[in-house]
Amino acid sequence: MSALGKFRYVSTDRRVREDRRFVAGKGRFVADINLPNTKHVALVTCPHAAARILSIDKSAALKMPGVHYVLDGDELAAATLPLMTGLDTPNVPRRPLAHEVARYSGEWVVAVVADSRAQAEDAAEEVVVDYEPLPFVLDAEQALSSNDILVHQAHGSNVLLDKTFTWGEVDKDFAASPRKLKLRVKWGRSSTVPIETFGVTASWDPWRDILDVHASIQMPRFHDQIGMALKIPGTSVRVHHDVDVGGSYGVKRGIKHTVLCGYLSRRLGFPVRLIEDRLENMRGGDAHGPERLFDVEVAFDDNGIVRSMKMRALENVGAYAGRSPFQLGKPVGAIVGPYKIQSVQYRAIAVVTNKTTQDAVRGFGQAPTNVAIERTMDEVANALGLDRLEIRRRNMIRHEDFPYTIPSGTTYDSGDYHLLVDKVLAHTSYEGLKAERDALRAEGMLAGIGIAACLEPSGGNATFEALLNPKVQTSTYMDSCRINIDGLGAITAMMHTTSSGQGHETLVGTAIGEVLQIDPEMIRVTRPDSLNSLPSGTPVGSRMAIMLGGAAFHAATKLKTKLTTIAAHDLGIPLERAVYDQGEVYDRNKPEHRRSWLELVQIAWRSYHRMPPDMEPGLGTSHVMQVPTGGMPPTADGRVQMYPCTSFEFHLILVSIDPVIGRPEIVKYRIGHDCGTVINPKIVRGMTMGGIAHGIGAALYEEFAYNDDGQLIAQTFMDYLLPSSHEVPDVEIIHQETPSPHTVFGQKGSGESGYLGAPAAVANAINDALKPLGISTNSLPIKVSKLGDMIAAAQDKQSKGK
Amino acid sequence: MRIELDINGVVRELDVEARTTLLDCLRDQMQLTGAHAGCEHGVCGACTVLFDGAAVRSCLMFAPQAQGSKITTIEGVTPGPGEMSVIQDAFCETHGMQCGYCTPAMVLVAHALLIDNPSPTREEIVDAISGNICRCTGYAQIIDAIALAAERLRGANRPSEQRA
Amino acid sequence: MKAAPFEYSRPADIDEACAMLAADENARVIAGGQTLVPMMAMRLARPTRLVDINRIVGLSYIRADGDVIAIGATTRQCDLERDALVARDLPLMAKAIPWIGHAATRARGTIGGSLANADPAAEQALIAVTLDAVLNYREGGTTSEIKARDFFVGPMVTSLPSTACLTGVRYPVWRGKIGIGFHEVNARRSDFAFVAAAAQVELGPDGKCKRIAIGVGAATDFPMRLDSAEQQLTGTALDEAAIKDAVTDALADIDALDDLHASAAYRKRVTVSLACRAVADARASALGEKPHAH
């Protein structure tokens, strides 16, 4: 039994079964899969930030050794439909290859197919494209305010979305509040940048009318979108889910890559493979993350109670958009963070510019929003001379307030924020931390304490789609699991999506094992392809523990009921007297009257005459689950129940900065984390640590920086800096489990944990460190040189007596 | 051109283009797909192999250059089909991975470290893996794995009463 | 990112290597390849022939030769890192080496490769300039030498003739009451430096500075010596104020590099601080005291 005494397998410290194949190098990543006769793609990319494509000369390329085909955007556009968008923007079409106009430096213009990747690259160099450079715009505010330069002429402006929501009596609350504060916060363009780039092999079988797709993907509705773009039925697309994905954290969508390879395979008659190289990935893989400018204004009283908030979020989406603008909508489900802010006005604006296209990034916009909220809370405290921890205590939703409905309509399920904060402080004294900070300051360092209290909405009820695009009527968000016990009693469970390191096979085994009271190791978990799958929303929105765990639980419960019913019937007892115990069923009144697992299997498979009447033979069950608390579209004033569960995290860190060098060092890192019932402690710990590392990267090191010519200057790992083991400090995690009332084990999500709050904590720590100099910074990433220059200027000013 | 490569103790004759990296040669011609391409410009470390016992980036070497040295891949440190080494098992014990893409490289780095330094401090472990990027784990459980492996390897050949 | 095609050769000796370079102006030497191979992968470098000198006998060595430590061009950075002679007689190099890339790149990278590549941020270039190293190279059957100071002429540009190949480097050894200081700033621990400073000091019996060498790297096109500061500080007690004055003067007019990672203003300012710290550390270590915490 677990420490809580409640569970047999859930919450126990079990190994993650997927690990075995990975330590031996026997993962099955897309580049490891080799179909016979596969040909390879390399891309010709646009060097300009914006350009009209005047002509493409393929002749020299076609003569190169090993070359089979050279595909341009015109041909592809004629044969395929544009890729699906999230917003209602028909005049902003998106295609795998630029069509007539290329709109960002690095956009894919021509695809070369050759016997080897090296030969394809050789030939790609020989393609001659004649461009007419066009004016371009890179800055979101410029794109918003002026139509002088349009990224998409036919759209008439650069604005894809501009929607304002007013929840509650914002104007009244502002008028009634004695204090106001305004803050501008910038989240720089970064992304999750997995170590494995996106890759796909598409293979068309004209005899079965099936396009086999092996790809490194993590996204819902993948096979739908491929089918739609290629104008073939979804049942002609077979996506193989048993591919191991080398990290994704949201971005492995690869729709344009797959449509490109799918088209080529259908056209050319052999499997076509594209494994992005790192340059193609960084510049043109369309996997950039948010680049967002927040203007926040809060109304508060002298006690620091924040009553109302106005937030304008301006997102620089890049040259095209798929689902990424919805990253402005997801934060609506936790728009007030963990605080009891009474009214909110939220204006979401998405503009196109001539930068690389974005995709979904871990948290789907929540991490940037949390920086805006948490920086604001710190500044409210500073304005009043109040302690920053105290201000949070005063504003946080209390345990007795749950379930708590926020102004935008989402009800937070459960939580005990104050208790977790207390636990963290019991572990690491706040006074002690302040003393440590002061000691560092006394040594001549700059030092600051960083605090961040944030929520991880989990469960993936993505009704922000309907919120931002009224044409979308979706309120169904599903996941599923099938279980089959074979004729010899062995159990197989099927899950219907890929996994990119979250241990879903282990999750499914554990959930089913818990219900059936059988060692999870006995349960085979498979991932059938899309033609053999029930619906899955896939691992997005921190949903899988809730949804896949839930579906597995329910399918297993159905199975347990079936076994119990078969046994009761065979024992000749009423169902209420039948007790299921670790795979056997016995009569409560007479325990020696029992049926074993194998006996029950035998009956179900072979002895129909002993089955209860009208029951299906065999032992197969399935469950398709709708997201808890979901199913309703938004109200007219934009209120909607989004994610069913909210996990909570509280970061407390100490940062030290050498004032001359300007490089922040994280000296101490504590995080309180509550994701409800923890199904697998090793997995959850890993998620939190990895999320913190991502967050540190976004806060301090990572940026897709552009120069004034619209060139991405951080296009390799020499310039886009990923945290190594040196950059991630030791982290102590202080744990709490406030179960969710909505889920089968009380579990909430943890797929985004750490990432949601770390950037805010780091930003707040640095600002606390800069406070004695009278300066602040609200633009991430906070880089060494910039910080050093700021500090030097401030010290200069101070020494000159202002 | 024809070259001879000593891979995991077996010398093989191969026909390669000079420009084929050791990484691509191992993956494409030898079907040793445990080494992974992450960046192809020598930063991420996912392509790590052991070269005369030292961890190196196989994407930064052309296959012909490797002739005359001993190359060890993840397949070469795996004791047998379905069998894990002490180090590999330690990685499973601490869940020192998630997606698995950087894992073979991390295991090989651990291997090289622990042969050279059987009792590394935590700092030394951090330093040893600092040339390998992981985007999943935040490194904590990887460091735990290597520390655990070191402890187990140290205890391996000593009589039980002598183990700390 | 696959390199453009090329021919590959393994010459038996250095003269054969040079002959290959002379025969084809687009031939290039490959040693460790840690810089050349990524450039070729990105097709920024496209040699028609790679001349692999890694296994030429007699090009990799570390030996004492009178008052000089002589190091062969293909000596690996990791071998220098572990070498007892280097630790004893070239403490400044020993201090700097852990900052060079990562263990995996030090396992292959060579000192000759680093010097010939002449990256403004390269630690070995800074050390060579600071210690007045003399580089040897072979061309057309003849061996010539060039001072480190004259070798680096621009960012990634040296005065090495295109058909020549470095064969070794000779470092004068300082004897007596020696101390060293080395500091480097980067975004992440093992990145290219934004700014680096190296100092070596010999103290006289009176504790005053008998001899001093100060070099800064990564801030300008190639490493530079702070000659005026060295002159100003020789014979002094090396107090903090004097160091600051001398270093500030010496760096007053530098044209600092400006890029994605650090502004020119940052480099110019921090170079001064780092050089001061390096000198202070050198003095402290000569006296057996604790250096500045980094």
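Order as written gives the chain letters A, B and C; numbering starts at 1 within each chain.
Operating definition for what follows: a residue touches a chain if its C-beta (ideal position, glycine included) is under 8 Å from a C-beta of that chain, and two chains touch if they have at least 3 such contacts.
Note that this is a predicted model, so its numbers are computed, not measured.
S.K.: Relative to chain C, which chain has the most distant C-alpha mean position?
M.R.: Here the answer is chain A, farthest from chain C.
S.K.: Out of every possible chain pairing, name the one holding the most C-beta contact pairs.
M.R.: Pair with the most C-beta pairs in contact: A-B.
S.K.: Taking each chain's centre as the mean position of its Cα atoms, how many Å separate chain A from chain B?
M.R.: Those two chain centres are 30 Å apart.
S.K.: How far is the middle of chain B from the middle of chain C, if each middle is the mean of its Cα atoms, in Å?
M.R.: So the centre of chain B lies 30 Å away from the centre of chain C.
S.K.: Need the CA-centroid distance for the pair chain A / chain C, whole Å please.
M.R.: That pair's centroid distance is 44 Å.
S.K.: Counting only residues that touch at least 2 other chains, which ones in chain A make the list?
M.R.: Touching at least two other chains: 118, 277-278, 716, 718, 723-724, 726.
S.K.: What positions in chain C touch 2 or more of the other chains?
M.R.: 1-5, 42, 189-190 - these are the residues of chain C that touch more than one other chain.
S.K.: Going through chain B residue by residue, note those that touch at least 2 other chains and give them in order.
M.R.: Residues 17, 19, 40-41, 127, 130-131 of chain B touch two or more partner chains.
S.K.: Given the complex with chain B, which residues does chain A contribute to the contact?
M.R.: Result: residues 15-16, 18-27, 29, 31-32, 118, 192-197, 244-249, 275, 277-278, 500-503, 682-683, 685-694, 716-718, 722-726, 728, 730-731, 754 of chain A touch chain B.
S.K.: Could you please specify the touching residues of chain A with respect to chain C in the complex?
M.R.: It comes out as residues 117-118, 121-122, 125, 277-279, 660-663, 701, 705, 713-714, 716, 718-719, 721, 723-724, 726-727, 783-786, 788-789, 792.
S.K.: Tell me, which parts of chain B touch chain C in their complex?
M.R.: My answer: residues 1, 17-19, 21, 24, 40-42, 45, 48, 51, 54-57, 59-62, 64-65, 68, 109, 127-128, 130-131.
S.K.: Going by the contact rule at the top, pick out the chain B residues touching chain A in the complex.
M.R.: Answer in residue numbers: 17, 19-20, 27, 32-41, 43-44, 46, 73-75, 78, 84, 88-89, 91-95, 97-104, 107, 126-127, 129-143.
S.K.: Using the touch definition from the top, list the residues of chain C that touch chain B in their complex.
M.R.: Residues 1-8, 10, 30, 33-34, 37-38, 40-42, 50, 52, 54-55, 78, 101-105, 107-108, 189-190 of chain C touch chain B in their complex.
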